[in-house]
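Chain nomenclature is as follows: A, B, C, D, E, F, G and H, assigned in order of appearance, with residue numbering initiated at 1 for each chain independently.
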Amino acid sequence: MNQELIELLQQVKSGQVPVDLAATRLMGGMVSDLGFAQVDLDRQRRCGFPEVIYCEGKDPTWIVQVVERLHAAQQSCLGTRLSSEQATHVLDRFPTANYDSLGRTFWLPVGPEADPVGRVLVLTAGTVDLPVAHETIQTIKAMGVGVELIADVGVAGLHRLLRHLDHLRTADVVIVVAGMDGALPSVVGGLVDVPVIAVPTSVGYGTAFHGVAALLTMLNACSAGVVTVNIDAGFKAGYTAALIAKRIYIGKEG
Amino acid sequence: MNQELIELLQQVKSGQVPVDLAATRLMGGMVSDLGFAQVDLDRQRRCGFPEVIYCEGKDPTWIVQVVERLHAAQQSCLGTRLSSEQATHVLDRFPTANYDSLGRTFWLPVGPEADPVGRVLVLTAGTVDLPVAHETIQTIKAMGVGVELIADVGVAGLHRLLRHLDHLRTADVVIVVAGMDGALPSVVGGLVDVPVIAVPTSVGYGTAFHGVAALLTMLNACSAGVVTVNIDAGFKAGYTAALIAKRIYIGKEG
Amino acid sequence: MNQELIELLQQVKSGQVPVDLAATRLMGGMVSDLGFAQVDLDRQRRCGFPEVIYCEGKDPTWIVQVVERLHAAQQSCLGTRLSSEQATHVLDRFPTANYDSLGRTFWLPVGPEADPVGRVLVLTAGTVDLPVAHETIQTIKAMGVGVELIADVGVAGLHRLLRHLDHLRTADVVIVVAGMDGALPSVVGGLVDVPVIAVPTSVGYGTAFHGVAALLTMLNACSAGVVTVNIDAGFKAGYTAALIAKRIYIGKEG
Amino acid sequence: MNQELIELLQQVKSGQVPVDLAATRLMGGMVSDLGFAQVDLDRQRRCGFPEVIYCEGKDPTWIVQVVERLHAAQQSCLGTRLSSEQATHVLDRFPTANYDSLGRTFWLPVGPEADPVGRVLVLTAGTVDLPVAHETIQTIKAMGVGVELIADVGVAGLHRLLRHLDHLRTADVVIVVAGMDGALPSVVGGLVDVPVIAVPTSVGYGTAFHGVAALLTMLNACSAGVVTVNIDAGFKAGYTAALIAKRIYIGKEG
Amino acid sequence: MNQELIELLQQVKSGQVPVDLAATRLMGGMVSDLGFAQVDLDRQRRCGFPEVIYCEGKDPTWIVQVVERLHAAQQSCLGTRLSSEQATHVLDRFPTANYDSLGRTFWLPVGPEADPVGRVLVLTAGTVDLPVAHETIQTIKAMGVGVELIADVGVAGLHRLLRHLDHLRTADVVIVVAGMDGALPSVVGGLVDVPVIAVPTSVGYGTAFHGVAALLTMLNACSAGVVTVNIDAGFKAGYTAALIAKRIYIGKEG
Amino acid sequence: MNQELIELLQQVKSGQVPVDLAATRLMGGMVSDLGFAQVDLDRQRRCGFPEVIYCEGKDPTWIVQVVERLHAAQQSCLGTRLSSEQATHVLDRFPTANYDSLGRTFWLPVGPEADPVGRVLVLTAGTVDLPVAHETIQTIKAMGVGVELIADVGVAGLHRLLRHLDHLRTADVVIVVAGMDGALPSVVGGLVDVPVIAVPTSVGYGTAFHGVAALLTMLNACSAGVVTVNIDAGFKAGYTAALIAKRIYIGKEG
Amino acid sequence: MNQELIELLQQVKSGQVPVDLAATRLMGGMVSDLGFAQVDLDRQRRCGFPEVIYCEGKDPTWIVQVVERLHAAQQSCLGTRLSSEQATHVLDRFPTANYDSLGRTFWLPVGPEADPVGRVLVLTAGTVDLPVAHETIQTIKAMGVGVELIADVGVAGLHRLLRHLDHLRTADVVIVVAGMDGALPSVVGGLVDVPVIAVPTSVGYGTAFHGVAALLTMLNACSAGVVTVNIDAGFKAGYTAALIAKRIYIGKEG
Amino acid sequence: MNQELIELLQQVKSGQVPVDLAATRLMGGMVSDLGFAQVDLDRQRRCGFPEVIYCEGKDPTWIVQVVERLHAAQQSCLGTRLSSEQATHVLDRFPTANYDSLGRTFWLPVGPEADPVGRVLVLTAGTVDLPVAHETIQTIKAMGVGVELIADVGVAGLHRLLRHLDHLRTADVVIVVAGMDGALPSVVGGLVDVPVIAVPTSVGYGTAFHGVAALLTMLNACSAGVVTVNIDAGFKAGYTAALIAKRIYIGKEG
């Protein structure tokens, strides 16, 4: 049975923990209610990273208010899928925020950032996959993990990839960003013994179906160690890769 | 304007060609009407190869009757997608027909077969792609073209392919048969300067969607010289490859 | 530039390595050609685990021959998607192989197996997801990693999951196997700071579309650290999870 | 047999009801023919609420004419999917109409509105689901039913939802508006004994497929008491919830 | 804030409730762990009806064990999607269970059943929709609600429906079961002021796509008060209708 | 306004028509309620042909009972999609019924059949389209219209079609039955000035998608006078063609 | 055998018809080659109506040139899918052309138009279906057939339709234009004995899928005499309906 | 075994080839790394044509830099899918580049171009297919092969095609560009004995699904010698056709 829960109840019984505090903790910690949003101030403790703001389709003033609340709670704040109009609002209010216009992210850290640990390698099949790769890279950096990019090494010219074989084999995780035929992760997965996270991009035309073709290729990769995220989901690939890298270098230290 | 037509009409006018014969030729040559089928006895002249029988879903007696009609017209006869029950009927009637149970084809040539010309290379990504490859190979052979098979060289182990690079580069056409991620044609297309015909197979599970994933990969191949046929359409890939090979070696001789 | 390559060439130049051996290594190591299959004997060195046999649709005699070749090369052998007929053939020839009829796998290890390292937690949303979970578990065990199963903790009764919160938070990787609405990974991903690998199953009816609904839910999971594999791809989830766990406990020891 | 019909015919026979009036009633009551529209003035009697105007793609002058006709017939008038250009036209003509720019609705009641009965609870998974929630809320209000909103309680932070458990369990109907993975209704359905109406929204990217992923999740919800409406169909969810709530509080009074 | 939680904690503090019991309640009540299943013994309290067993694809012995556990806990037990082989196992063990072979359900009540309340009307468009309608009806009966069936009143002969107009207008909820074009709910929704739950069936051929066509029709119904469930999901429609009916007649009595 | 209705009401008023009879007529004429089916005995009067029984998935005893009821009402009876088991039941009871095993129809006329009027031409692209063509032909015959079949004139050998140009241009309606690429209706539509009804068949493999490819081709036919029915819907094409032909020859005689 | 062909050849033989003229006729009559277009001047003779210009995506100068060529050949000219920019170009050049901005058609007749024959009835389910209905109506008028429109009679208010029953039953063809659920043709088909041509429109949102939902409903219509055209294909429905009407009134006169 | 590799190693051993040069060649030749792109300077040697720039979605400055690098390496440069804004940038920098605004390509040759060899025939079904045909033609020309265009010969007027039969039968390859029903390749494939490459275009509306309907028709073509490329992939069809033509006329000369 859940040990943490029993301990808490015993502390309530003994009076060590007041009822109010226990109730807050049992309901999952702090939530800041803005009416249009319930800012999850417990995410950092629970998942190892604060709530991330998905900006697409949101009113700029909503975004700014959530950033303010996280910032006020001394939590660093990452935003993704920022339009240039939204970026203007956020930067007006937080001029020190780090904005990547290609990757459409912003990053507002609290306090000094630690040295990155681990090493994630991000590959792209083509040049047009770079925006998604940038979202990935900014996410990994924000999470305090080391990251390296090798762009435009698609399978139509295998030697472009093979000359980087040394790099591939020494990374902790390899992220492969590819559109069109999405064939690169299958090839990479057959060359290394590290997990490969494949990110399909909405690049291509006709039967590329805005990334569906690449996604299907990746889900059906003939190499075993390949997992996949949503189309254009650079953020998710970066987030998961950073979780893995941190687990290797930090999580086991205790 | 159509020169052949004008010549024929002038011959009608001059009496060199009787009206009946001219009418038959103008309507596209001989058709043998079996009620349930109109056997196209003009296909050999028009397209370079007799009508091929697609057997799936047909009553065995229908198949046998069409074979008889083609045979009687001194035309060789190729059948595809033959069930074992259908095969029994055909072989009972034509014991000398060549039956490939893996590729589900039969071949009943008329007269001695000429030496094959040209060289088509058929690759498969996996072992389970072999039935489709066999349909391809039997078609190419029936059309009088040379063919060679290299099985199980999918991209999860690139070196299995790369050791055959010499073969790849000296073929007239390369046919790549692959299911699951269908990534092999993209890689092959980046290594050679010959046309690549990709055949998706219905191999795989889940999002392989009975070959749709592989088909999409192939249609979106990042290598330029790749064309595609229907799922499991080994026959079509072989037929087109043979047309190309014959054109290189025979068609231009005149 | 590729350091390993230059060193090898210098050894060729100096005569330390004969030309034949260098050529073999440059072409990616040993391949055993069976005609219908090119057994990749280099996979263990390259990817950390020998070639795995995907059995679906293969002639039992083909399977047995590949097992024999791997076994003869002193490599352990895992097979997946085994029909009961195929299982009979394999077990006749290798009576000591470990066969899991629910997960449809066999495992034929070479030599004594080391103690498992790490801990992967496998959850299923329902009882009907158990066959896929078994494929996952057998894969993880074969790769030498520790694994634990908690079945039937879908979101229709959240408390079934929440009582295992302690287990969830101390695993190295959590694998969530779910069909129908596929909602469980989203919930799990919001509770932990470890990577979550989601496996959609073809369980459900109507618009479950044989697992497509669950797959889409997982790809769109609102929790960040969730990655996905193909429908029913228990093997792939297990394989990747084991790569991660081994990297945490072994890979960094050197 | 249809009792009402026989009574009417007997009244015709006895002369109590003239032929003209009987014919009108037998054909379903009043219709106002505008050429481009047949305004259904019988809807209120038949379905308990007047005809609602779906504005998308309609010429603003058409909309205004239908509003005028309903208004002239002393029927309240609700409009949905109003563009800002259409809104301008309607408000120019009916300045007292209630316009919700976020939910894109207008509401032009006739006479004083009664106090709302019942209580419908509207949840959204995220902030970006608010426009659809607003369409729902305006519909429920127009139908004279009480409604309450709790926004941004998606499953990535379960405690945001669980702290409102008291509210959930005392509502008459719960409407859950969610995009992306659409997982919230499954969780809510497992916590309550009231009907849950799920509204998928077109929020998300890639394989969200403009709300299809969320719709499929909802149709496959593992919780039993969940029904679903079209993507972004806030109006329909609100309408049906109000029918239920009115039935509980009003319909049975007679 | 959650009132029930605070009261419980105060009772823990005061010693009125022991820590063990409080922990069990906080984790959601009783679960019976069978290894392959976690039987949710709290469902009745939480959702108003015990856990229902979805039998498709389950080992008959698994089903029997879950029934035994629910039965032992004095909870009534409903099973759906029962194959005839599974039915044999269940009836061998519980000969008094009520088995509906057309609807593929069984029902094993505990204690005497109360008189049904409310009235749900189930319509089918055709005769072939009857199996799904039976699943609906058995579910409604098991939940203690009154139910009535009118079969084969599809829109190709409107008068078949219109003669039952009296029945339609006096029901609490109307469930419409239809395949092929799925047009019946649109028509019914335009005739009544009660909620309509539409159930698409996998009846039809070609572009019926196993119920997808009917589902889409229903999701797009031009009548407002129509909600939808999964294809062939008679159980869900019945369950939700019964929740509504019980709420009207029972839920508000307290 | 509806003239027929007003006349009827005046007759009720004057006592010429009793209330009961008027009610029956106003509700659409006679329905025979079998519990599992509402046999529409008014269809012949309303639509020009009695109710047709779609047999797929129905219990043979249900079918026999509906036939008996129609027969007893002196109405001819057509059934489609009959399995051989169902056929046995029907023929046991009505040995004189006309059964077409290829087209899977039966036809039980009442009284002597009139000479056929008009001429519908049915073309098939291939031999495998014949079962669907037979369903079409039996339907047309049952409706008393003349019909002619030309099989296997697909576009791969245009001359097979062009030699029948005289027939094509003198038909009242041309029905084209085709699977695979479904290209034949486009070609036929460009050659004639009569309406063309295209019937896609589920013939082909891979991306034929059980007739979807042919259906899409037909819906997108570049020839203007082509309309389409459901996949394999030979019955519907035949029914509509017969309606047109009867209208030309009979409907305008009055 | 083709009688017309043999007669022509005999005339060639006898010198009655010169070779040049015979060749032209055998190749299908006159074509006017504009480089970017081959204007089919034989369409009127072959199909009963001149070539119709599909304008979508075409350069306005191309359109004008084709109109000029048809006009010069004394053929009337209909254009569809005209953008307003294209319309400006065409009307600048042919100010007398009849332009329907709602239906996006233009019509440039040659010589006086005959009185219309027959009667086609066009119904729309909603007001937003009017643009497609206009395309239909203009096509029917151009072809010399009588046409009548009844708008906004969708099934959510059946009496709006039923009051027009007299009109429905006396038309030669009924065209039903509907989006969203597309249910209207099923209802209409059950009320009449004339052919019904259903036109799905891209009206609706979410799972309307730009008309796919309505199309599927129509293809699966439970009423027998319903045929379907492409989404928004008002032109095709009108064209086919006019072919039928002309056949009834004109075609049989000879 | 790979002969070329062994020879190279022997030259390394004997000192004929220095280690550096051998390493470069073994890694596939020269790559020029621009950071955002790895320009493949080896493509010409390997595949017979330099790397082609796919411009869609790329920053104009990126494109210009890649052109500069290829140009500096004395390689001709072809670009496809150029927006007019991108074209302006490229032409500013390389005013002599050949820009086709309809086909959206540019071509910057190095040195004098040789006389074209072979003959590829490009057909379009309609006028709106011309942009895709232009992309095809520019590709073929750039590759040094002869090409001819016949536009607007779709199957709705077969004689437009048949009058060019002489041309069709004497080409080396026929490319058929078609949207809507995509029926033209099936017809052409039945008339000739040369390979047919079918290019579906995104022309049409409704169920044309942006070229999917045409693609499916082509993949299912009932004529055997038809292969297919991606929707609108004029470049790929041209590239493959040129490879075939060059092989016939040049490749075999050595």
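Keep in mind that, in the parts below, contacts are C-beta pairs under 8 Å (C-beta built on N, C-alpha and C of every residue); 3 or more make two chains touch, one makes a residue touch a chain.
Owing to the predicted nature of the structure, the values given are computational and were not obtained by experimental measurement.
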Listed pair (C-E, G-H or E-G) duplicating the F-H contact set, over half by residue number: E-G
Chain centre separation (chain F, chain G; CA means) in Å: 24
Centre-of-Cα separation between chain D and chain C, whole angstrom: 49
Distance from the mean Cα position of chain F to that of chain B, given in whole angstrom: 38
Junction residues of chain F - those touching two or more other chains: 1-2, 27, 126, 156-158, 162-163, 189-191, 206-208, 212, 215, 219-220, 223-224, 230-231, 233
Listing of all chain pairs that touch each other, if any do: A-B, A-C, A-D, A-E, A-H, B-C, B-F, B-G, B-H, C-D, C-E, C-H, D-E, D-F, D-G, E-F, E-G, F-G, F-H, G-H
Contacting residues of chain B [partner chain A, same complex]: 125-126, 154-158, 180-183, 186-187, 189-191, 204, 206-209, 212-214, 216-224
Residue ranges of chain E touching chain C (in the complex, touch as defined): 27-29, 31, 35-38, 40, 42-43, 51, 54, 56-58, 62, 81, 200, 202, 210-212, 215, 230-233
List of chain C residues in touch with chain H within their complex: 1-2, 5-6, 9-10, 12-13, 15, 19-20, 22-23, 26-27
Touch list for chain B against partner chain H, complex: 1-4, 46-49, 52, 162-163, 165-166, 172, 189-195, 197, 215, 219-220, 223-231, 233, 235-237, 239-240, 243-244, 247-248, 251-252
Residue ranges of chain D touching chain A (in the complex, touch as defined): 126-128, 130, 151-153, 156-160, 162-163, 203, 205-208
